[in-house]
């Protein structure tokens, strides 16, 4: 019985490259077979060219870069709002049983509503203003921040608190110098999750209630049956999302550098 | 004939570019049905030696032979009892014990009998349907030993099996192991860093040092044990009071010191 | 026991709901602080609920919309996550397969499922087919990733114990790898279900004539806040129920897991 497999570097590269080749080969194959008009399924290099073109040539009002900035701004506002409310609230709930008792039921009942489901109200309240998408993004980013902050602060190992008390810490110092730093790894992990959900919520919002942004651009591409534009949008969304996640992952590593693995 | 032979066995690893000799050339023969314990500090290669007999690791030079045949891989003929128990949490106690038998095609009637015997032997009656997480450490290790024993292996390999247990449970398990060893003797290779445990259980004790891992001395226990009739005492504390025991234990401690002092890097 | 427990489990939730209802009435109907077109009053919401349950809205009764959405999600989720788990096991067990599939995965993974909706609409139009495609993608990826992680996380001592016992390869997969990976597989299933549900509602919101999302869409266009709230509430309730069912399935599948 084989327990684990060991794949040499050479073999790993071989299969990786073959995998990529098969994927793109299949794609090219379908395009070459002329099964559908070019507009429905462009060749990979055509998508890439469109992507590059869009970076400086406007479509549905703005260049791709401007759209990306638009999207990112919305995301940032919604995300920062979620953090500004989520972290203090989470800490409060961990420290005060009354706050916990009052807020938890509200939170639990709202949590199961998918961010997207807030779009009708967002449209009703904010029209096509920036408030709408921000609300949606907030609804996506808020739960992970709150939950992780709450849990992180709640589950600070009692021994740290006891040690601090034994050394004579007052309540405030306990909060700022023991509780908060100890909860930071969990908080950062929550931030990482919420950038993912917030970014996703942003995409959803832009597909419906926006007049700029990558999602909006994609919808326009879709109505014009420009698959290459739609795919360019997807690439942009994926790339930016990836960059954000990588940054947060570094933050996570940095915040846990004192902890044992 | 299930003996273990280490023939100029070496095992080296690559660690940050350098070659580290975990086990230098060692030569050792464990006779059929002999109980040999290996003691030494962490990093002296004792676990590596056991793993090479188990087939979970391969020597880089030299050979390891069991019953005259070179070891090529793991198998139920060389049953292993791991320090971390390594039970399958999703199987009940009975299923864990039976698993090896089932895999090797033992028919169900015989399986039931052998499993029941092993459960009785290790004092696990009533726990057949329990899951590992419901058991204490000591109980779990008993299941691990039962699982190894039920295979009726030629060689039993125990890698610090009582290391994860608390002191009291440890003592109980040591007494049980002696009982088993006398009743149903097998070729045993037992790794531990607890000298008392080694002296109590083994026929011979092998002292290893590290950097590189080498055998320094081999002390014969059996002759003294038989001469002083340790087995007439059923309690471990009575044996450990005997002057012959104390002398052996102290001399092994001195050997460990002598060969391992100053080798802290 | 006794009074304290009754208070916690029964009275407190009832008090909470009562409190919310009172506040709701107060803010909307009694004081008029919140305009009816911004947020519906309880009476309005109740009326909307009645209408859609018995007379219908958006071309159907409530239960029909629910059935449509839930069935679509369940089907898509089951098929997609099963395939995902299978792929995850293969990738976890065979490093060649992993190396082969990985690059495609790494490129597709950062793209959120919702971002596939425009593409699905271009390719498959506004019907159910596009929805199924997006649900499939949404459910597939978490299933694969978590299953793969689960397979890889089987601890070394257990693998060695299996080898020592002389377990054959097939039995090894069936009785060691699969049960060992089950906790993480269920985590993946949970994520898959959530993603499927969210994606379906979004897809229906964008372009559908039937289903819970379409209710939201229609109600938004009609500026009918009461119905919007009914829609949101139903979405949340269904999502919660499905998650509950999955949790029960998880506990049934893993009787050995300490609760």
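Letters A, B and C mark the chains in the order given here, with residues in each chain numbered from 1 onward.
Heads up, the rule we're going with is that contacts are C-beta pairs under 8 Å (C-beta built on N, C-alpha and C of every residue); 3 or more make two chains touch, one makes a residue touch a chain.
Keep in mind it's a predicted model, so treat the numbers as computed, not measured.
Minimum number of contact steps separating subunit B from subunit C: 1.
Among the inter-chain contacts, the highest number of C-beta pairs connects A-C.
One inter-chain figure worth recording: subunit A and subunit B are separated by 51 Å, centre to centre, where each centre is the mean of the chain's CA atoms. In whole angstrom, the spacing between the mean C-alpha positions of subunit A and subunit C is 18. Counting partner chains per residue, subunit A has no residue touching two or more of them.
Contact of a single residue of subunit C with at least two other chains is seen at positions 160, 163, 166-168. Subunit A makes touch with subunit C in their complex at residues 1-7, 11-16, 18-20, 22-23, 40, 105, 109, 112-121, 123-125, 199-200, 203-204, 207-208, 215, 218-219, 221-222, 225, 227, 230-231, 233-234, 237-239, 241-242, 245.
Contact residues of subunit C toward subunit B in the complex are 155, 157-158, 160-161, 163-168, 171, 175-176, 179-180, 182, 254-258.
For subunit C in complex with subunit A, the touching residues are 13, 16, 37-39, 94-96, 99-104, 107, 110-119, 121-123, 159-160, 162-163, 166-169, 172, 197-198, 201-202, 205-206, 213, 216-217, 219-220, 223, 225, 228, 231-232, 235-237, 239-240, 243. Listed in rising order, the residues of subunit B touching subunit C in the complex are 54, 56, 73-76, 78-80, 82, 84-92, 99-100, 103-104, 131-133, 147, 151.
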